[in-house]
Structure formats: structure tokens, C-alpha cells
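Next, two complexes with chain A in common: one pairs it with chain B, the other with chain C.
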Partner chain A sequence: MNDLLLISPILLPLLLLIGCLASSRHERRSSVISLVGTAVLLAACSVLLFKVSTHGTLTLAVGGWMPPFGIVLVADLLSVLMLWISALVGLVVLIYGINVGSAGTRPGHVYVLIQGLLLGVNGSFLTGDLFNLYVWFEVMLISSFILMVRERRKKQLAGGLTYVILNLLASAMFLCGAGMLYGKLGTLNLADMAVKLSSVGDPEFVNTTGALLFVAFAAKAGLFPFHFWLPASYHHAGPATSALFAGLLTKVGVYALLRIFTLVFTAENGFSSTLILYLSMATMLIGVLGAVAQYNVRRLLAFHIISQIGYMTAGLALGTHLALTAVVFYILHHIAVKSTLFLVGGVLEMKTGTADIRRHGGFYQSQPLLAFCFLVPAFSLGGIPPLSGFWAKLNLLQAGVQSGEWLFLAMALGVGILTLFSMVKIWNESFWKAQPSTSDGQPNTSDLPLARGKPYLAMLLLCALTLVFSLGGYFVFELSARAAANLADPTLYINAVMKGVTP
Partner chain B sequence: MNSILLHIAARFLSWPLLIVSIWILYRGHNLPGGGFIGGLLAAAGFLLYDLSGHGRPDRGFFSLSPFFFLPLGLGLAVFSTLPGMLGAGTFMQGVWLPAFELPLLGSIHLGTPLIFDIGVWFAVIGFILLLNGTLAGEEPS
Partner chain C sequence: MTLVLSLIIGLLFAAATYCLLRRNLMRVLLGILLLGHAVNLLLLSASDPLSRLPSILGKDGTPEFPETADPLPQALVLTAIVIGFGLSVFTLVLARSCFQQSPIDDVRDLGKEDRS
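Take a look at the complex of A and B:
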């Protein structure tokens, strides 16, 4: 029973993918299959979350091949938290309507790709094998690339090409790193690798392979200086698609960084994480400066992703238990908040027919509900108490004080102010100021289709999630602390994977 | 292209290609071969039919659409992972029927890894057909 539960986050999207593929001619049927199936996925992930949080880490040796020889799936608390929230974001995006505001030529095929994306994401969260992680990354990359360019507009293709080329380069680096590690250690199992790497005693080897993998994951996560694909591509995809990307894609990179650089490449194994801290600080600053300069609503938000990723990886570089707790909390908060903002941005674009916020206006008066859906995540992102972003930042800053990283502290506070500033900019332009008239005296309107109820339901669901993270912050913080305890002490992970196996 | 030789040959080559591909598919568990290579060979049979000027026939195996093969292949592959969980085993663990003898063919081993390979075989055929159709400029239906 445990086996079936543990495999379901991979098996369900795969089955849904097949179902959607078989009925891809009927858009309506595909959408129902996708929606119901993803709800079941969310339920399965909830049960898994409950089970792991009460019984501890679950593992599954696929095909009965025991570690370190076979591929092993590992569901520790961090993995299942990520699985749960990605299933939720997937469901919300499907409720919003994945085809809303985009003119794809084959509407039925979208659902196949969405499930493919969820499959890759879930696989990445569950696997305990380095090469298998590479395979899941590729599944994710292919699905997301086609989703990104499916309307075949010129700009989409330009952005999508940047995206796919930079990510393929990163994948090549990943493969080089994995190959070198396999050549030296003779294993691809992460737990086994962690054990063997500690006895290698060759800091040059550790740092070379570590740097290769770091670059690979940093490119997926959108860390400076590997972030260029992100603001080039996200805002060209459809609104719901970009919300899904904003919530999940970069966070898989962050998850991989968290997993590999707390388990395999640790300070005890001779890996130096100073570089990660400085790159993170640069990422925070450059991301937010990009956002301040932007007037395209979803592009502005895309720059924010980069800046926020910097906070997360900075926490990883600090490496204390409190810092890792803050990072886990930060990821959960960020996924909820960022997806909402992209969905709201999509509605703004569809209502006005333009992404330029200087030509928006008057939404506070005409759409108070939309204004609410923007305010909650925007204030949360800016770190206004008592919203979730405040708790995430507070803990991270505390961790910074504990470690005595004063430069990071100053940077985090300064970037926080700029973040709030750029959120206020969207608020002022799109919601607060009067609606501008176009040259012929008519207010801006768009003929893009927007269903009345469903998009709002989706945005309100995510707002509710943000509020739960804010007001139930203590409970979520406790879960994050337990997930982080697993990260801070690699022996827990190693013992869970290698139980009953003599090395 | 309108070569009478190719036109006639295609009719006689497509079926043997399919049969060889099934043999390669079966031997692939322990020897070179398997679902992927077998699937490529079978797809070559389809393409030969297509390119020799016959066009795709209206009926029979060679007329089936990629959107028949892809879900079928993926579905079979997924299905083959499940029987392992019924007994004492786990996800994707192989379950084998007892080996039996057949005249001409020798000892036959049937099990879930073979179903997985057959799934791959179908999926590869579907993929190549879709690829071919897209390159030829057909809109997949």
C-alpha cells in the first residue's frame, strides 16, 4: 500500500497523460480528465504528506533492485511538501483555464503537456538517484518548452529558443558532473554518493563536480548569471501556463540545489559554499533592479522570481538549521504568492489587451475582487506583516544575524524595500490611477475571452493558501523546521535509503 | 517519387520488416534488441509503405494513426509496472510465467518486462509516425 502511495505522484500524471493523449481530439473531455485527475493527485499527495509527517521518510526501491544498485524513490518531508504544493498549483491553474487568453492551435494537446510537466516535476522531487534526476529534468524541459511556444508567435519562439538552449547547456553540464561522479565513485545513488564522497579526500574533485552540478541547477533555478532565459521567455507564454512555470520550474532547481548541496556536497566533504552566498546576493539585487525598470506586468513579475530565488539560495549557503527552515518556508510561500500574481497579471492583460501597466488603470474601482487578489500576494511578497512573506524573511534575516553575514542582511533589507516599491508600482499603475483613454477617446478594452467565475475561483484559492501560510505560519514553520532537520543532518537521509543494506 | 520497383517491393517488404521487428523485440530482454529498436524497424515498414507511393492504406495495421499507437504503447508500459505490486514484490518488479517449450521457437519466457517492451514498441512506432507526419506538413488530428 505504501508502495502504491509513494509511486502515485508519478503514476497518476502518467496515466492522465495517456488519458488526455487518447482523447486529445475532444478538448472538453481532456479538460475534465485533467481536472478530476489532478484533484485525485492532490488528495494522494495530501495522504502522502500526512503519512510522511507522522511516520517519517518513505523509500521505494524500484523493481526490487536494492540501493545502491537500483533507482530508489525517497519521500522525505521536503519532497512531499513540494509534491503537495505543486499538485495544488497544477489544480488551481487547471481551474483557471489553461487555454484562457491564449490561442493555441490544438487546445486538447495542452492537457497532455501539463501532465507531462507535472510528471517531470514530481519525478524530480521523488527520485534519490542522480541520473534519474537528469531524466526527470528532461521530461520537464520538453513539456515546458512546447507549452511555452505552442501559440507559435515569433516572440514566443525567440524566448522559447533562449530558454531551451540555455537549459540544454545546463543539462550538458549536469551530465558531465554526473559522469565524473559516477566514474570516480561508481554509484549514482545520492545517499551512497554522499557516503563515498566523504572518504574521497580530494577537494579539487569535489569542488569541480560540485561546481558543474551547481551551474546546472543554478541555470534551472534562474540564479545570476544564468538567469537570462527566464525574463526572456515567461511572459510570452499564456497566462495560466506562465503561472504554472512561475510556481514550479525554478523551484525544482532550488529543490535540487537544496537536496544535492546539503546531502552530497557538504562542507564536511570539502565543498566550499562561499560562492553560493555571493551569487545569491547578486541574484537578489539584479533581479529586483530588473523588476524596478520594467513596465510589462508579467515580465516585471518574472524578474521578481529571480530576486526571490536569491533569498532561497542565500539561505542554503548559510546552511544552519534555522536558515534551511526559512528556505523551506520561503519556497512554499513563494510558490503560492508568485502563481497568484501571474494569474492576476494574466487577467490584467486579458482585460486591457496590453501588458504595459502604464496603459492599465482603474481596476481598484472596476474590479475590487481582482484588487484583493493582487494585494494579498503583493504585500506578502513585499514582506508586510502578518503575511507569509514577512515570516519567511524574518527567519532568514535571523539566520543571517546568527551567522554574522552582515552584508547579506543589508542586501536582504534593501532588496525587500525595492520589492515593495515595484509591487506598489503595479498597484499604482494598474489599480489606483484612473483608466487612461486611448487616442480615439475609448477606454482600453480587449476582446480576449475571459470566463467570469473560474479564474477568480482559482485566484481566491491561492490567496486563501497565502493567508493560511500567513495566519497558520506557526504550523507551517514547524513542518518546515522538521523538513529542514532532515536536510541539516544528511545521515537521516542516508540511513533511510540504505536501511538494511551493508555498504 | 514514382518508382515501380519500390512500389512493388514495399508491398512485400513491409510485412517481413514487421515480423523481424517482433523477433528483435522478443530477443531483446537478454540480447541486443528490444522494444525501442524493434519499434524503429516496424516504423521503417510503415514509412516504406508511405514513401513508396501507396500512401497509407485505408484498413489494416498499416493504416492506424499515431494517436492510436502512442496511448496504447504508454498504457501497456504503465500496466506492466503494476503486477509486481500484487505479490510480495514492488513497483516495476518483473513477474514471469513459467517457461515452456514450443516447437521451432524453443524455450519461451513470458513476463511483465516483455509487456513493457511491447509498450515501448508501440510508443516508438507512434512517435515515428507522428514525427513523419509533422515533417511532411500534415496537421495531426
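Take a look at the complex of A and C:
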């Protein structure tokens, strides 16, 4: 029973993918299959979350091949939290409604791709094998590539090409690192790798392969200087799709960084994490400066993703238990907040027909509910108490004080102010100021048709989740602290995977 | 043999890097393809039986076939080739439809739409 539960986050999207493919001619049917199926996935992930938080880490040796020889699926608290929130975001995006594309394309195919994306994301969270992680990354990427360019608008294709090329480069780096590690250690199992690497005693080798894998994951996460593809492409995808990307794709990169660089490439194994801290600080600054200069609503938000990723990896570089707790909390908070903001941005674009916030206006008066849905995540992102962003930043800053990283503290506070500034910019332009007159001959018709679905229900659900993270912050913090305890002490993970196996 | 293999890998990486740094879009795509080959060969080189203990042990824990290459990297390379092939075809189709909409030759033109 536990085995079935553990593999269900991979099995369910796969079955749904086949179901949607079989009924791809009927949009209605495939959307219902997708929606109901993802709700079941969310339920399964909730049960899994409950099981893991009460009974500890679950593992499954796929095909009965015992670790370290076979592929092993590992559900520790961090994986399960990520699984749970990605299923939730998937469900919300499906409720929001996906633009199924022009006539002539099979409408059901978009649901196939969404399930493919969830399949790849869930697989990456669960796997305990380096090469398997590569395969799940590719499953996720190919789905996202096609989702990105589905509508075949000119800008989409150009942005999509940048996205594809840079991600292919990152995948090549990943394979190089994996190949070199296997050549030296003779294993691909992460836990086994961690054990064997500690006895290699070759800092050049550890740092070379570590750097290769770091570049691969950093490119997926959008860390400076590998972030260029993100603001070039995300805002060209459809609103629902871009919310899904913003919530999940970069976080998979951050998850992989968290997993590999707390387990395999640790300071004890000779990997130096100073560079990660400095790159993170640069990421925070560059991202927010890009956002400040932008007027395209979803492009501005895409720059914010980069800036916030910097906070998460900075916590990873600090490496203390408190810092890792803050990172886990930060990821959860950021997935909820960022997806909401992209959904709101999508509604703004659909209502006005333009992404330029200088030509928006008057939404506070005409759409107070939309203003509420923007205000909660925007203030949370800016770190206004008592919203979730405040708790996440507070803990991270505390960890910074503990480690005595004063430059990081100054940077984090300064970037926080700029973040709030750019959120206020959207607020002023789109919501607060009066509706600009449309006398300049531009017809105010929609370029992106409002997809069939319930956008407001979806946005309110995610706002409610942000409020739960804010007001129930203590409970979520406890869970994050337990997940981080698993990260801070790699032996817990190693023992869970290698139990009953003689070395 | 090891020397030849490493020379070829190095050559392929150099050629791929050279192509990737060009501004011509077609060269960049060629660079991606070459990089895929370089990486596959690098993966294959991990199966070298001389680099560490033999992979197949007998019942008493001693190597049974000390001359055998490790089969796992070959399986990995096969997987990587299949995935790489699919992704390359997708990238080429994407570049083609991009080119059909507006003839782009210089990769710097890709980001022009956003610079307003």
C-alpha cells in the first residue's frame, strides 16, 4: 500500500496523460479528466505528506533492485512538501482555465502536455538517482518547450528558441557531470554517491563535477549568470501556462540544488560553497534591477522570480539548519505567491489586451476582487508582516546574522525594498491610477481570449493558501524545520535509503 | 585507445564551443548537436575497465571478468542518445518555424521583440 502511494505522484500523471491523449479530440472530456485526475493527485500527495510527516522517510526500490544498484524513489519531507504544492498549483491552474489554442490544433493536447510537465516535476522530486533525475528533467523540459511555443506567435517562437537552446546546454553540462561522477565512483545512487565521495579525497575532482552540476541546476533555476532565458520567454507563454512555469520549473532547479548540494557536494566532501553565496547575491540584485526597469507586467514578474531565487540559494550557501529551514519555507511561500501574481497578470493582460502597465488603470475601482488577489501576494512578496514573505525573509536574515554574513544582510534588505517598490509600481499603474483614455486609436480589445474556466476561484484559492502560510506560519515553519533537519544531516537520508543493505 | 578517445572528446568540445559562440543561428544549432556527441562520448569513456574495480563480481567477491567494460554507461549513453535525438529534432523544427515567420539569421535578433 505504501509502495503504491509512493509511486502514485508519478503513476497518476502518466495515466492522465494517456487518458487525455486518448480523448484529445474532445476538449470538454479531456479537461474534465485532467481536472478530476489532478484533484486525485492532490489527495494522494496529501495522504503521502501525512504519512511521511508521521512515519518518516519512505523509500521504494523500483523493480525490486536494491539500492545502490537499482533506481530508488525517496520521499522525505522536503520531496513530499514539494509534491503537495506542485499538485496544488497544477490543480489551480487547471481551474483557472487553459487557452487551448486556435482551431485546427487538437484541443486536448494541451492537457497532455500539462500532465507531462507534472509527471516530470514529480519524478524529479521523488527520484534518488542522478541519471534518473536527468531523465525526469528532460520529460519536464520537453513538455514545457511545447507548452511555451504552442500558439506559434512570432515572439513566442523567438523567446522559446532562446529557452530551448540554453536549457539544452544546461542538460549537456548535467550529463558531463553525471558521467564523470559515475566514471570515478561507479554509482549513480545519490546516497551511495555521498558515502563514496567522502572517501575520494580529491578536491579538484569534487569541485569540477560539483561545478558542472551546479551550472546545470543553476541554469534551470535561473541563477545569475545563467538566467537570460527566463525573462526572454516566460511572458510569451499563455497566462495559465506561465503561472505553472513560474511556480514549478525554477523551483525544480532549486530543489535539485538543495538536494545535491546538501547531500553529495557538502563542505565535508571538499566542495566550497562561497561562490554560491556570491552568485546568489548577484542574482538577487540583478533580478530586482531588471524588474524595476520593466513595464511589461509578466516580464516584470519574471525578473522577480530570478531575484527571489537568489534568496533561496543564498540560504543554501549559508547552510545552517535555520538557513535551510528558511529556504524550504521560502520555496513554499514563493510558489504560492508567484503563481498567483502570474495569474493576476494574465487577467490584467486579457482584460486590457496589453501587457504594458502604463496603459492599464482603474482596476481598483472596476475589479476590487482582482485588486485583493494582487495585493495579498504582492505584499507577501515584498515582505510586509504578517504575510508569509515576512516570515521567510525574517528567518533567512536571522540565519545570516548567525553566520555573520553582513554583506548578504545588507543586500537582502536593500533588494527587499526594491521588490516592494516594483510591486507598488504595478499597483500604482494598473490598479490605482485612473483608466487612461483610449483616444490614441488603440482598440482596447483583448489579444489573449479569456480562457474558459474560473480565474477568480483559482486566484482566491492561491490567496487563501498564502494567508494560510502567513497566519499558520508557525505550523508551516515546524514542517520546514523538520524537512531541513533531513537536509542538514545527510546521514539521515543515507540511512533511510541504504537501510538493510550491507555496504 | 584512451588517448584517442580523450582527444576526440576534446576536439568535439572545442568545435561545439566554437560553433556555439557564433552569431549565425544555424551554427549555434550545429554546436548544440556537436556538444551532444561530445557528451555522449564522455559518458562512454566512464565505462573504461581500467579506471576502477571491475563491475561484475563473482560469488566470493572477486572479479570474475576483469577485462569486461562496465555495461551501465552504455545503457546511459543509449538513453542520452534517444533523448538528445528527440530534443534536437524539436529544436530544428522550432528554428525552422521561427525562420519561416521572419528570416532570423543573427541570434541577437531573437531578443529584439522585447527591447521596446
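Operating definition for what follows: the second predicted complex is superposed on the first by the 484 of 503 C-alpha atoms of A that agree within 3 Å, B and C clash if a C-alpha of one lies under 4 Å from a C-alpha of the other, contacts with A are read in each partner's own complex, and residues count from 1 in each chain.
FYI, a residue touches a chain if its C-beta (ideal position, glycine included) is under 8 Å from a C-beta of that chain, and two chains touch if they have at least 3 such contacts.
For clarity, every value in this text was computed on a predicted model and none was experimentally measured.
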{"item": "Partner chain in contact with A:L289 - chain B first, chain C second, else both or neither", "value": "neither"}
{"item": "Partner chain in contact with A:L394 - chain B first, chain C second, else both or neither", "value": "neither"}
{"item": "Partner chain(s) touched by A:F131 [first = chain B, second = chain C, both, neither]", "value": "second"}
{"item": "Chain B versus chain C as contact partner of A:G183, first or second or both or neither", "value": "second"}
{"item": "Chain B versus chain C as contact partner of A:L17, first or second or both or neither", "value": "first"}
{"item": "Residue contacts with chain A in the superposition, chain B compared against chain C", "value": "C"}
{"item": "Which superposed partner A:I142 touches (first chain B, second chain C, both, neither)", "value": "second"}
{"item": "A:V40 touches, of chain B and chain C: first, second, both or neither?", "value": "neither"}
{"item": "In the complex with chain C, residue positions of chain A that touch it", "value": "131, 134-135, 138, 141-142, 145-146, 149, 152, 154-155, 157-162, 164-165, 168-169, 171-172, 175-176, 178-180, 182-184, 186, 188, 231-232, 296, 299"}
{"item": "Chain A - residues contacting chain B, complex", "value": "3-4, 7, 11, 14-15, 17-19, 21-22, 24-25, 60-64, 106"}
{"item": "Residues of chain C defined as touching chain A within the complex", "value": "20, 28-29, 32, 35-36, 38-39, 42-43, 45-46, 48, 51-53, 55, 70, 72-73, 76, 79-80, 83, 86-87, 90-91, 94-95, 97-98, 101-102, 104, 109-114"}
{"item": "Chain A partner contacts - residues on chain B that touch it in the complex", "value": "67, 70-71, 74-75, 78, 81, 84-85, 89-94, 140-141"}
